[in-house]
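Read through the structures below before going on.
Below, chain A partners chain B and then partners chain C, in two separate complexes.
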Partner chain A sequence: MNKKNGFLPALITIVVSYVLLMLFMGVDNLIISGAIIVFLVGGGFFIYRKKSLLDCIVAGFRDYKGSLLITAVVLSVLLPLFFLKNHYIIHIFTLALIYVIASVGLNIQVGSANMTNFSQGAFFGIGAYTSALMTVKLGLSFWIAFPSAVLVAGIFGFLMGLPTLKTREFHLSLVTIAFAYVAYLLILNMRWTGGADGIAGVPKPTIFGLSIFKTVRLGGLRIPWTTFYYYFTLLFVGIGIYFAWKLHNSWIALGWNAIREDEISSKCYGLDLNKIKLSAFFIGSLYAGAAGSLYVHFVGFISTESMAFSVGLLMVCMVILGGMDNILGVILGTVLLIVIPEKFRAFQDFRLLFYGIILILMLIFRPQGLIPKKVRRYSLSTGGDHGK
Partner chain B sequence: MRLSQEDIVLITLMLQLKNTLMLGLQYSLISIGFTLFFGMLNVVVFCHGGFYILATFIGTALVSLVLGLSGVSPVLSGMLVFLMLFLAMSLTGLTGVLVERTTIKPFRSSPPVMPILSTMAVGIILEQLLKLFYPEGANPQVFPQFFSNRGLSFGEFTISNSELVILLVAVVSLTLMFLFIKKTKIGSQVVAISQDFEAASMMGINVDRAVSITFFIGAALAAVAGFMNGIYYTVFRYDMGTIAGIKGFSGAVVGGLGSVFGAVIGGFLMAFVETFAAGYIPGGSAIRDVFSFLVVLLFLIFRPSGIIGQKSIEKV
Partner chain C sequence: MENNRLLSAENIIMSFGGLKALNDVSISLKDNEILGLIGPNGSGKTTFFNVVTGIYAPTEGNIFFLDSDIAGSSPQDVARRGVLRTFQTSRLWLELSILDNLLLGMWMREKPNSLTAILRYRKVKEDFRVKAAEALEYMAVFSEELAGSPYRQVKELALVDRRRVEICRALLARPRLLLLDEPAAGMDPSETRELMRDIRKMQEKAKSLGVIIIEHDMDVISDIAERVVVFNFGRKIAEGTFGEIRKNKEVREAYLGKEYADA
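Take a look at the complex of A and B:
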């Protein structure tokens, strides 16, 4: 009886936020957009203060994962259809999806294992450059370039993981900062990567030799090519989140959480710290590589600007804003940080200042993020053998 | 006069050593801040580079103001420039205290990731404020020239007046800092807090005050480095703070976090690697930072405790 209460509030929360987000992007009036933001923040705060309602919604999300997931998928699939006239908005949402992949990967290191990695932007760039070089210079297809980009980024992640085995906290952050700068400077100054000019003319992917990413006219309806790329990316996001979720509920993530809580005692319990840390860097970088490859085939151009130190910093912001070690939160944080500033393009210059202020306010007032991580629940029937 | 091949080699070497000295003093001054803060609170203040570049901007504004005055004799204006240096140091020092109070103190008992991120965010905010609200802040700025280019000459090798002033200021501030820590009461309080934060507060040391004073000093030393940066390179931009801060942090780590003397050595080592990689490795100028970061990585792999630091044994 009590269980039924949760579904409707949770559904309403999702639908209302979705409609507001669509309105926010759709209207061409900064005042209305601002009002929507104020309403969203106020509504969120209201729900947060009203404990019974909040518990109800949380219970709904917990008990009706399946049906709410289907709702979310349907809503994301419908999303581009609202903006067929304005393909720029679809462009932004596609970018947001690409960044979701990267920040879900970063969440493994920053959120699950508490290793503050500032070099996710560098791995993003490594993936993008690998994909761009393979398609432009070698003429290979996307379907060879994409897995190679993922793997190359993963290998570099593994290599960067090696010096972190002996280091923790600040020293570990310094390793990632140093790596980010070394990768940036080397790519900027090597000739075969195009130097400061970057690589242009990266082709769009083809599927079975067909180029499907073209603007299509159906009767009076014009469907921009970005719509198809949006669905293409959505597919990859789905696969990425599926694996991230599987990992989150596995032994591996339990190891990451163990070193987050206490590295020395996990060692005393016989955990292999090297394996745990290296796997976090390897897997997280795979995600960054995938995001980089999807990015470069979408935008068609890559330069070192897309992998600067600030990109990695921005990704850390996304994870913190959304909620460390919570995949749903990280997705929310990423979409908010990509989509909202786009609307206020008039204040483009203030974007980084805005990110900095958001980061500080979140750390002081809500360090657990918009959606805090859940305590793991194990029951005898599903996960009883975790104690073996 | 024709120079022989050997003379050219020698003069180049001397020039590189001079550059190392100038850059090394800057990095040391930044590294000391990192080391002081870390020794005291176990935090790495990632916005330290922000203090450095903030001081360069404040210095430019103040010195331009002085040089704009008409009817002031050169001697007086020279003294006013020194006064402005002190003003820039104090302002930056106060910024440091403010930053500690607002964004580091709240995280004293939280996991160490929190202050890393919050100070990182302060760094972004400082940098962006300079870029957006300083007049023409997004463009490269020019530090006003107030010293003639003449100076001490040894044959072909010269040390200009401005370089001599830099040397003097840096050495004096380093000495004062050492004296402060060794000789004054507050200095010994700082040392006590570094050794054991809780025990020190139980002994009746006003911890908050000592922390504030340390942040004032650390940020003021970064301000000296920022002032030197302006005088020595004359052209600077709002985003130079980040990389200088990371170099300073690297210097502190390489020297051994927590050791002031180590920070000086580490700062000079970073400057040495950077200068000589740029000078002697073909094509090394553009990627000189790669070499310094490789040195940092090597240290972190093989000697994470740094040159001076002691190996710490961890217990559960």
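Take a look at the complex of A and C:
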């Protein structure tokens, strides 16, 4: 394969989508926003139909992971600088990043192991409540509350995994739906969680005692505090994706894939199904807990509305839209589903309808998601002839 | 029990409701032996495999494998003791690549752990490299072509190739006992011959490996099996070398029907 031809198309794809996304968020005109969406969908469809171009882009992404990753990081870092005047947009992108963490974790269950878990929203809430209670009621620092939130969510994920071990597919999903409702109702009805009022006044994280999440004025330039929280979250997203990627290329992910494909066969090859499933629940919930904690310290307030069943449903939509078992796809799906509806707030009431339509269209026309899963590649010692 | 007994299934009864799919069946296998298991459709051959591999727990009877009773153990447990099988309709992990399937065959030899993946990623990568090389070396014995395209998804493969991958996957688990359920179904005679040659080659390489093979093709059985057991209606009706079996009246009746056997 000619190595030269993949890089530029892949780079252009990234940059063009990025610019369009920036324009989409930047302009204050519904018609232009709509036109950008139409253009994006049309462009995507065009590339999809033009096989040679698509192959070229895919090859580019495969062969130039490193440089494209750097491009993506640079673009993400630059992103808030376009919106210094409108900190609400930075707020939206920060939310998108937080949801990326949760859906990357959910992807381990839904994408890798085919355990459609609708309760990721509940674990998100458990993480958020843990963090909020520890900082507000106990006065502990974010740096104690955050790991606790991650761990507590993980433990609840493990515990919820136990009753699902005997179930599969729809029945497993039913257990997770039940759990989502039980967690929601429990937190809503208990007094020490704040009940329906939720918990307000959750402090922003401090770093070595310094509160860095403050709006700064540099000469005539006003940098809103959300910018710094955006970078803060971006750091966690980076760490989360790094771990997820390592897991994806390890034995345990092969095990997740094996139980997705065929449980009987997996049993006959000595795979410990219970351990593999529980590890997926545990690790996926760790991500939800981290996202929840970051969320509550960002927004400063948590109520059960942030962990309702619809949140878990939305996260499943993100994974299915983006591409199951493909981290890049899940990131794309999450960003699209957070960012696009924001622009159409006028049609807020139709939001769930919109998710539903997207889900149905995807399942009919492209069940593998926007960016489908890839075949795992290994470094083979036999060299060129066994490659490609 | 004799030292060279690998498997000894004694008086197995497997009932499903009122139906006795296996009725007082006893089979034993020596180490390094290749045993043919034949019989008409529905005579209980695959059920026997399912009972041995722990997919069904036998209603009655004992199964000794390397001197421990494995009757009623879980499939995982049986596999970890070294009993591996292939399926009549191959059960590979279809959306995964050939190489993924082969590597997963080696799962039991690895002690996979999610922490190693994060903390010792280099080691994991190196481990995959070594194992992938071994996997492709095995695969090359069965088919150079399949070994040359390790990233093809298994669902793209022809049924015959899927069988090759499946047998190879089982062998990579380093079994002591390999149960092959109609490995040559759908293959033409030359492909079948080639496959049997490869299986025997791998068995010699493995040094101590017992094989039980279910097959309808009598050429295969006469060629590869040292001893043959015949099932009919869940019972063992005959046992012996292929030559002996061929002369057995009951066997001919089971296969050909009474009037033809008498003719």
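As a working rule, the second predicted complex is superposed on the first by the 378 of 388 C-alpha atoms of A that agree within 3 Å, B and C clash if a C-alpha of one lies under 4 Å from a C-alpha of the other, contacts with A are read in each partner's own complex, and residues count from 1 in each chain.
As a working rule, a contact is a pair of C-beta atoms (placed from the backbone, for glycine too) under 8 Å apart; a residue touches a chain by one contact, two chains touch by 3 or more.
The structure presented is a predicted model; accordingly, all values stated were derived computationally and were not measured.
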Chain B and chain C placed together on chain A: clash or fit? fit
Message: Is A:264 touching anything from chain B or chain C once the two structures are fitted on A? First, second, both or neither.
response: both
Thinking of the overlay built on chain A, is A:156 touched by chain B (first), by chain C (second), by both, or by neither?
-> neither
Looking at the overlay, does A:279 come into contact with chain B only (first), chain C only (second), both, or neither? second
Checklist entry - Is A:178 touching the first partner chain B, the second partner chain C, both, or neither of them? => result first
Scan A:255 for contacts with chain B and chain C and give back first, second, both or neither.
second
Partner chain in contact with A:169 - chain B first, chain C second, else both or neither | first
Per the contact definition in the header, classify A:246: touching chain B only (first), chain C only (second), both, or neither.
second
Next on the checklist: Taking the superposition on A as described, I'd like to know which of chain B and chain C A:114 touches: first, second, both or neither.
Outcome noted: first
Original post:
Once the shared chain is lined up, is A:360 touching chain B (first), chain C (second), both, or neither of them?
Top reply: first
When the two complexes are superposed, chain B comes to within a least CA distance of chain C, in Å, of 6
So the chain A residues that chain B and chain C both touch are 264-265, 268
Listed in rising order, chain C residues that touch chain A in their complex are 53-55, 74-76, 79-80, 84-85, 87, 91-97, 99-100, 103-105, 107-108, 110, 112-114, 116-118, 121, 124-125, 128-130, 132-133, 136, 147-148, 150-151, 153, 169, 173
Given the complex, residues on chain A that touch chain B span 110, 114, 116, 162-163, 166-167, 169-171, 173-175, 177-179, 181-182, 185-186, 188-189, 264-265, 268, 309-310, 313, 316, 320, 349-350, 352-353, 355-357, 359-360, 363-364, 367
The answer for chain B against chain A in the complex is residues 38, 44, 103, 106-107, 110-114, 116-118, 120-125, 127-129, 131-132, 138, 242-243, 246, 249-250, 253, 257, 283, 286-287, 289-290, 293-294, 296-297, 300-301, 304, 314-316
As the complex stands, chain A meets chain C at residues 243, 246-247, 249-255, 257-258, 260-262, 264-273, 279, 283, 373, 375-382, 385-386, 388
